[in-house]
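Order of writing sets the labels: A, B, C and D. Residues in every chain begin at 1.
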Amino acid sequence: MIDKTFACAADAVADIHDGATVMIGGFGTAGMPSELIDALIARGARELTIVNNNAGNGDTGVAALLKAKRVRKIICSFPRQVDSHVFDALYRAGEIELELVPQGNLAERIRATGAGIGAFYTRTGYGTLLAEGKETRMIDGRHYVLEHPIHADFALIKARYGDRWGNLVYRKTARNFGPLMAAAARCAIAQVHEIVALGELDPESVVTPGIFVRRVVEIPAPSGAAVAAPPVESHR
Amino acid sequence: MIDKTFACAADAVADIHDGATVMIGGFGTAGMPSELIDALIARGARELTIVNNNAGNGDTGVAALLKAKRVRKIICSFPRQVDSHVFDALYRAGEIELELVPQGNLAERIRATGAGIGAFYTRTGYGTLLAEGKETRMIDGRHYVLEHPIHADFALIKARYGDRWGNLVYRKTARNFGPLMAAAARCAIAQVHEIVALGELDPESVVTPGIFVRRVVEIPAPSGAAVAAPPVESHR
Amino acid sequence: MAARVARDIDNGAYVNLGIGLPTLVANHLPPDREIILHTENGLLGMGPAPAAGDEDPDLINAGKQPVTALPGASYFHHADSFAMMRGGHLDCCVLGGYQVSVAGDLANWHTGARDAIPAVGGAMDLAIGAKSVYVIMEHQTRNGESKIVERCTYPVTGLACVNRIYTDLAVIDVTPVGLVVIDMVAGLAFTELQRLSGVPMRDAMAAGPAE
Amino acid sequence: MAARVARDIDNGAYVNLGIGLPTLVANHLPPDREIILHTENGLLGMGPAPAAGDEDPDLINAGKQPVTALPGASYFHHADSFAMMRGGHLDCCVLGGYQVSVAGDLANWHTGARDAIPAVGGAMDLAIGAKSVYVIMEHQTRNGESKIVERCTYPVTGLACVNRIYTDLAVIDVTPVGLVVIDMVAGLAFTELQRLSGVPMRDAMAAGPAE
């Protein structure tokens, strides 16, 4: 029998080691696996490289991990936000390394790892600072930049439903990077609102097949929690 | 108001021209858009390049298109089957060009077109006849082959449900190449068992968002049709 | 400006509206047209903001504001979402801008200031991916410098990618023969517009057929 | 042979069984292990053939035979399916073979005959992608030639990709120090096996520790 469910977040992240590269799902707070991140902070691993679209919002989740000084480097597309004060301070103090990646390249480089692609040519970023020093090529009269996969030891992601085989179904725009990171990391760990019996998920609607997921932890959604509107994003 | 639905298959394929490259969905007969193919045969376009996983089964669908001598070249992964006699005869007579592509490269090259990837490095095929003459590169100690996108003017695919925005939901393993070809072709045409009202498809379960689909035709599934077991595949 | 952009978006168009000023375009879309909004965090068929109290933290736009989903909407992951952008499937995107050059180069992600924290998001993907790239920005900076320039001095987002510029003063097409003014605010003389702009432009209304 | 392969597949493994002979392995999987079968046409959690009359033409395996889906199954498109193979997610695949070389090169897709119509399917993707590649084939051709060879004479499917060979006579590991026989059919002497094979092998049972 296969059982990928774990009793608690602490057990699920117990082997994340110093120096690990950890992909963390979420776009802002939508899809951010906050309880797994809290468990990772409690676990104490240091010198982490984090892959996330942003660099933390407010003082929780990714921001809390940064604030605890566990992160050596962050790979992301949009660190500067109205509520990214934790990152901003660390960055200005030179205490965190930033690899800024266009969002589509971030997504595609993560997908490439999961799909076994060695490298790919993309038009995004050609002629910009973010492609400096990268190999380029003209294909069919257009300029492309060569981009490489982003590898990771672990992925922490969040979904709505999971089962003991690791199948996952997400919720609305909280899906974002989850399916890509699950496939890319050597060990994908998912927190889900609800673990359901095998066979309850419609096989037509499973978004992340269990083959990509090693561990599933049930973390119920906060019941009756007030849903605060997030702050408005700064001008892009 | 957006309405991508067409009254009949003939209208939906009326502008497929001589010399067009046409992707056709399906793995064997599962997902093969037979009525759209019949309409294409009736339409009369010649000198087509066809992209399909196989090269026709029996005497219907892709095989009928080949038999009608409308196909100049086929790009596929698995032409030789127990019931591929139409293709076999044309091929041995030198009347059809074959580009044989490993199945994963076929899928990924089609995806690359839809995703705007200029080219990608894959391990599949390295050191084999099917990579002869192709550029190679060593990445992290492993050999890769450079593969390019497959472009197409049209895609003919089959799904279970569609709506007037072109959203599609497939059925079981008939999904196969449909979502990839829809995104790759300049004009994707889907036959669906049923056109449903906008909003009836669960937004979490739409597999092909309507942005990738230009035309939708309702072709009900044969009711009460005897479901014959397909012939057993030959040894790979 | 937002209203002026909205008028130019066709029925049936797939459109991505960037963070900030471009987001306002949604409020002005003509009610007789069905226009499908894409938000790069994974939703096609985005609807307006929800009523107060109906916000869902899992249903947001690229600016992380709460939104709704219309009938016909679909959710997808980031690779599929950016395939829509990078694969050339969007008819149009509307972006903010710091500068646009005569060649259509766009600068909108980084001031280049030493202490600035850069953030790029999906701007570079939209710039190269959408069939039409519209930039909406003030004609001049607060210091009175033209934001339409011969060459961008800020770091670029993409090269030769802008098709049309909407400013508080005019609508300007980027064409192979240079910038062409196709509309101006009422009462503004072309010569005055030219004086406020950093580069030569031609007046589509005054000029004869393009050379 | 199929039964012997099945014994070596662990509980929880994700496995792809190639067309033909390898398909038979499914009939021998130990009932006390939960093993998840992948079929590259877009199904994980493939079950056995349906009862007569229950066949569904939309639910087939890679050999286009009707199958079923187990509770916990999922459907996906070809790019996702091949990502599972090419991205190194499958624990094991079982393929048929024409020839396997000492270095683990596999030939199983093309005889190279002039009038042969080649077909490759997913064989090359499985060969390079699965963590363990098992090949199941007769030890010799009908003409009495060894199918285990110094170098493949048929066109190869992949280089240095095979981990283990199951024949009607023996189970042989492909290792950095050469071919190692880890099991033989009852009553067969190693010297006889060696005589029937085209290349030198070592007997794991008789030999001391590897050099």
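Everything that follows uses one rule, which is that contacts are C-beta pairs under 8 Å (C-beta built on N, C-alpha and C of every residue); 3 or more make two chains touch, one makes a residue touch a chain.
In this text, all values refer to a predicted model and were calculated from it rather than measured experimentally.
Annotation of chain A and chain C: jointly contacted by B, touch as defined at the top. Here the chain-to-chain distance from chain C to chain D, counted in touching steps, is 2.
Across B-D and A-D, it is B-D that has more C-beta pairs touching. For the pair chain B and chain D, the distance between mean C-alpha positions equals 28 Å.
Mean C-alpha positions place chain B and chain C at a centre distance of 35 Å. Measuring from the averaged C-alpha position of chain A to that of chain B gives a distance of 33 Å.
Listed for chain A are residues 108, 111, 115-117, 122-123, 170-172, 204, each touching two or more other chains.
Residue positions 43, 69, 75-76, 79, 82, 85-86, 129 of chain C are each in touch with at least two other chains. Under the contact rule stated at the top, the pairs of chains that touch are A-B, A-C, A-D, B-C, B-D. For chain A in complex with chain C, the touching residues are 27-31, 53, 77-81, 84, 87-88, 91-92, 100-108, 110-111, 122-130, 143, 170-180, 207, 227-236.
Those residues of chain B that touch chain A in the shared complex are 108, 112, 115-123, 137, 139-140, 142, 144, 148, 169-172, 202, 204-205.
Of all residues in chain D, those touching chain B in their complex are 18-21, 39-43, 55-60, 62-66, 69, 75-79, 81-82, 85-86, 95-96, 108-110, 115, 117-125, 128-129, 155-159. Looking at the complex, you find that chain C touches chain B at residues 11-12, 14, 34, 36, 38, 43-45, 69-76, 79-80, 82-90, 129. Across the complex, chain C is touched by residues 1-2, 111, 113-117, 163-165, 167, 183, 198-199, 201, 203-204, 206, 209-212 of chain B.
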